[in-house]
């Protein structure tokens, strides 16, 4: 997945069976792991495997990706199978989490198509598509898809995950500098909806190839 | 801090100096750590110290609390001092993260008052107050302050962090079951704003004592 | 459990089954975990979950609590069930380990009563009661129940765990400053026996309520 | 150090400087680490380095050894130097902790003599000698120096650390089966005192060589 | 770097200063870290960051890459600067460690050229070039550059690191099935020398672009 | 095992069963763990159990020992049993890894003889013997069995693992200072072959006792 100079490698792995707490339910599971290569950023960051522990940011984003994709999954149709989505950032220039969600959906749709060809599960395991964008306020102006430099300067930062039919799966808005009001929140949501619609179209084309 | 049957012990610790990456900036720092006692929940959960690693949920909530409080802090007025907020859940019945933020603000305000009496920093390090509520949709009905049982059944779950003057610091809405639309989002935000206003009033009273 | 300004939250958790090495023996198991909240002490101490490892002191005290309670347990009457005792120090002012043992016994007795009402195990799983005190020599004077400030100044420090009928389960005496002789050891044991007897009486009353 | 079939390799390491919390105090420090080789026991035990964490028993014994030796150290005469005592069990047949203390004292005395030849510290850093024995009740009979098989069967188990002049540094008695009374405690202490006196004599001879 | 279907992303990071143990020596340092993306292999492998520890194979290869590159480095000409080489396997089909060394050399040469343009160090920090190949015996036939399937079947497996002028920096031969004799060792070394010479030529062309 | 002043304690542990990935194959498994006591070296090194992670060097050597011994094992004749070889360095003066391999073979042969007496496995699980030496170039002169001081000064360092009939299981040559050519490699291999032959003879005698 490429968003400007941001590049995220998204891969789906299908495996039979589900985590312990879900066994015997007849339901599937979808989960995700996100990580950055040490030199994906301008300044090299230490490997989490070397530090021996996963940082809070990595945990938070992995959980967000998993939640976002689970929002369009019909666990019953999946059968007791698990799909793991690995999102590895090769190059980071802002918006890596939203790029990861948008790319992971494509990998998920591919994996689901493969499962159906293998006769795993039954029916249609996806109830729709998912795409995500980041929006923010830079120098007082609401903007879509902030690159790293803009992101650092943003006063408000919002990540929005939408389904293909324009509903929300996740809305995360954070005041970086000063608190924001309802009017600005609405402006950002409008902008995000437009951005997600465009990505949905691009995903459709990519999957059609 | 008590929200229904949820009880969170919030303590602030003031220390001189700031983390390395902030030294020499003349600015202060506020951070938070959240944890649950193993028997705060109905079913005992293993200690993170025993498992040897902090889970993703703990990381995510600690970061949210820190971010929420930093939204009303004037780092310059703090001087190069750090305030650490420990939020330990003694008993959990839903809404522990929003209870933690609301209680942590009271501890923070106490700590800042103490700093001023000690002559640490200068001016007013707090630009306002912070309170947080959880709202959700249970059986199709938008509700404020979900207890654990309601939370489990909620279709949409939203945590909202507001300043005392009604602006937003953080808005986090997640579709648990099915995606939500803009109209529902607006209903939940209205409900949250009312809830935060009530908490702001209770905080004011508690600090006045 | 409150001893002066020391406060320890003691909770018992009953679960079916026993650790692997004990399966099929027909015997139960009792174990304990002790921890301090980061701000239970005057100076904040780092969380063991954050450090990623449990310190030696925590391990030592958890083991002591478990051993002390097992001293009055009839494993056969418990059946193959496990009781875990969580002792979390909310506020520390000396004697946290003896407060934890004394409080954990009350939680254990409650748990055992609950088990009997549920029909778990058979017969009487407790062969007696347990209470513990710390005694020490401060400025040459043997004293009972040292608070933190006295504890730091103590030349000899002793923790004694007694059964309700006055026998010993654990005696741990340590010379902090200079070695102690047999006469002093005897004086401290006399003092401890008196202290434990008083606590036994208080436990009896608490459980009667 | 050999106690029957128990063999512990004790080595002292002198280094300049003391831990951070002690810097500038003019005082020295003595500490110890205990470990068992995986095949020192009849049944191989997993390495703690492989498990990635030190177990409670190892922590507890390392702390006991350090405390025992510090009981006869004059920190001032040591100067700001640290002595680390490594006690590695090559073969275990009961009483490894008391063998470790008794052997570590010899290594400590050697190290102190070396320091004096190097002109490190001033005066006499040792105020006496230390030896330790385990005593226990097997089939109702108080016994000295239990081997592994006896230790497993012991009803009461006591480790006693004495100075060369017969005073106590540490007394740790634990009821393994049933609680013990004051009379038995006294018998065990008498036995331990005799055992320590013999070891003190053997240490004197070893150091004289 | 691409070797058949094997793809390794190699990145060099230059930083001022050297590790502690080398400070004040006037000498530079070169080190490397190797890792595989979880889905670089046919079957997904768990992340080392999730497991919380780096495996033996990763450690061994990281050390090999560092050693190989240090074989052609003039530490004095580098000045007290460090070059870290990150080798991340995006897709694995045999020979990832030799591909990593060969690619890391190109990244190193690029980094050194950059340093010279910045005026870091003095003189020529590289005394030559480095390339590496794997050779092995499959079904009795010595072969160059084994892909994963061949590697699994290989009876003997050898990794050879050569300088551009045909000398050896590292020779690692391992009998997978049955021990090998001197004649076969010689055959494999001849094959490896030819392979390294070809890679050296390709490296020269890549750096000339 | 003693090589000059280097002393390594080698112990074999036989256990029924094999690791998970090998179950049901009818084949056995041999593996090894290597470690150094903290004071085996001139300067004390920190315990890996205290650091909480195993270093790269330890991993690399443990893997080498395992691989070397597996080179002469007939897994089928072992049956589904595992032999773990523990190699603990008590004193280190160069060549600890080759001493460990040579000593581990003797422990392995002992363990295999014991298994046969117990009726575990069938046939002859060892297809030969294994010994290992280190060779190197010191001041331009190829030498066998470098002690620590020579090892530090060596320009080239090679570890060679041979079977009793003179074939190779592992050849690892590393240029420490400058790259080496084929002629020197051949000289070192000749030297190693002679050294291994002598060790094979000594192993035969030791096992005959």
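By written order: A, B, C, D, E and F. Residues from 1 in each chain.
Note that a residue touches a chain if its C-beta (ideal position, glycine included) is under 8 Å from a C-beta of that chain, and two chains touch if they have at least 3 such contacts.
Just so you know, these numbers come straight off a predicted model, no measurement behind them.
Novice: Counting hops between chains that touch, how far apart are chain A and chain E?
Specialist: Counted as steps through touching chains, the separation is 1.
Novice: Going chain by chain, each one touching the next, work out the least steps from chain D to chain E.
Specialist: Graph distance in the chain contact network comes out at 2.
Novice: Rotating chain C so that its CA atoms sit on those of chain D: what angle is that, to a multiple of 5 degrees?
Specialist: Rounded to the nearest 5 degrees, it is 180.
Novice: Can we say the copies chain B and chain C touch using the same residue numbers, with more than half in common, or are the two sides different?
Specialist: Same-residue interface.
Novice: From chain C, which chain is the farthest off, judged by mean CA positions?
Specialist: Of all chains, E has its centre farthest from that of chain C.
Novice: Could you tell me the distance, in whole angstrom, between the mean C-alpha positions of chain C and chain F?
Specialist: One centre to the other, that is 49 Å.
Novice: How many angstrom lie between the centres of chain A and chain D, each centre taken as the mean Cα position?
Specialist: Centres of chain A and chain D (C-alpha means) sit 57 Å apart.
Novice: If you average the CA atoms of chain E and of chain F, how far apart do the two points sit, in angstrom?
Specialist: Using C-alpha averages as centres, the distance is 25 Å.
Novice: Scan chain A for residues touching two or more other chains and write them down.
Specialist: Residues 52-54.
Novice: What topology does the chain touch graph have (line, ring, star, complete, other)?
Specialist: Topology of the interface graph: a ring, with each chain touching two neighbours.
Novice: Can you list the ring's chains in order, from chain A toward chain E?
Specialist: A, E, F, D, C, B
Novice: Which chain F residues qualify as touching chain E in the complex?
Specialist: 53-57, 59-60, 62-63, 67, 71-72, 128, 162-163, 166-175, 178-182, 185, 189
Novice: Touching residues of chain D toward chain F in the complex: what are they?
Specialist: My answer: residues 9, 11, 13, 15, 33, 35, 37-39, 44, 47-50, 52-54, 58, 84, 86, 88, 90.
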